[in-house]
């Protein structure tokens, strides 16, 4: 934790390069997350049917899953910051009437989750 | 929103064509969703271990994520309609004892979600 | 149900063989699930940005979704058993400071989910 997953229609594959890096920077700059815990990833969906099904129609759907402990204000702030980052990244797509972007923040139950992180020790000793 | 994601074992790839389109039509016909917001997609899982691990064993797992505001009755109606659509689409698979289908409806928190939809203006002005 | 999904960074693709099978065995041995309902799968994410973004950085994120009806103790027991299985499977990766593993157990709403399982009749009659 935290986990940020971007799911997108495969027809915008050419627009994905650099996205995970940019979102990771926003997560780090939020001050809410330890660097060794940040995991951003994106995966394409080869099959899709979007809105009126024009071939140009596309989407990106971001889900941020974080451990409990942040305030509502903190969750809203990071959600807005990630949305702003994605809007900037996808500005060319959003300028045309074929693209839809969403982001949702979810909480991970502390009672029913486990983690084994071999990255933390390396970065904590720096 | 709404988002409908189909996750399936890669051994039924030949059965996926047309599925997203058919599910999208059911979502539109439900009357619960604005056309410009409908996003159906499917993605294969290359690795899997299902039931007794016969190579024919396969699954499709559908998750519908929608914004709050629909009644329980409306959520149940659309869940049943999408299940019926998937059952029809996968009838050949369901006729043999190697396939399992599931569907779940989840709600998206209005407080912790954001959307930027460039498709709506195009379809709303029609 | 139950569904176990493994999402991982594509740079550990060589480590995934056998994982779904091993996790499936743990689920079966838990005694909590009927064999015909077990669906384990894994999918790679081609794009990612992890921690300090060294190219070796990698993750595996497991989400187990189960129907309601198990006690907290049972959920914790199966979560721990699956984590232990994944730790054993990924021992070589965890021995180096570039890998992070997580697992979360989620419940599926009985009211808003549907299933059509053609595998059960075959295995129940054995």
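Think of it as A, B and C in the order they're written, each chain with its own count starting at 1.
By our rule, contacts are C-beta pairs under 8 Å (C-beta built on N, C-alpha and C of every residue); 3 or more make two chains touch, one makes a residue touch a chain.
Since this is a predicted model, take the numbers as computed values, not measurements.
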item: Copy pair chain A, chain B: interface residue numbering same or different (half cut); value: different
item: When chain A is superposed on chain C by its C-alpha atoms, the rotation angle in degrees, nearest 5; value: 120
item: Distance from the mean Cα position of chain B to that of chain A, given in whole angstrom; value: 21
item: Residues of chain A engaged with two or more neighbouring chains; value: 43-44
item: Footprint of chain A on chain B - complex, ascending; value: 1, 3, 5-6, 16-17, 19-21, 23-24, 35-44, 65, 108-109, 111-123
item: Residue ranges of chain B touching chain C (in the complex, touch as defined); value: 7, 9, 43-53, 57, 59, 61, 72, 75-76, 79-80, 83, 87, 93-106
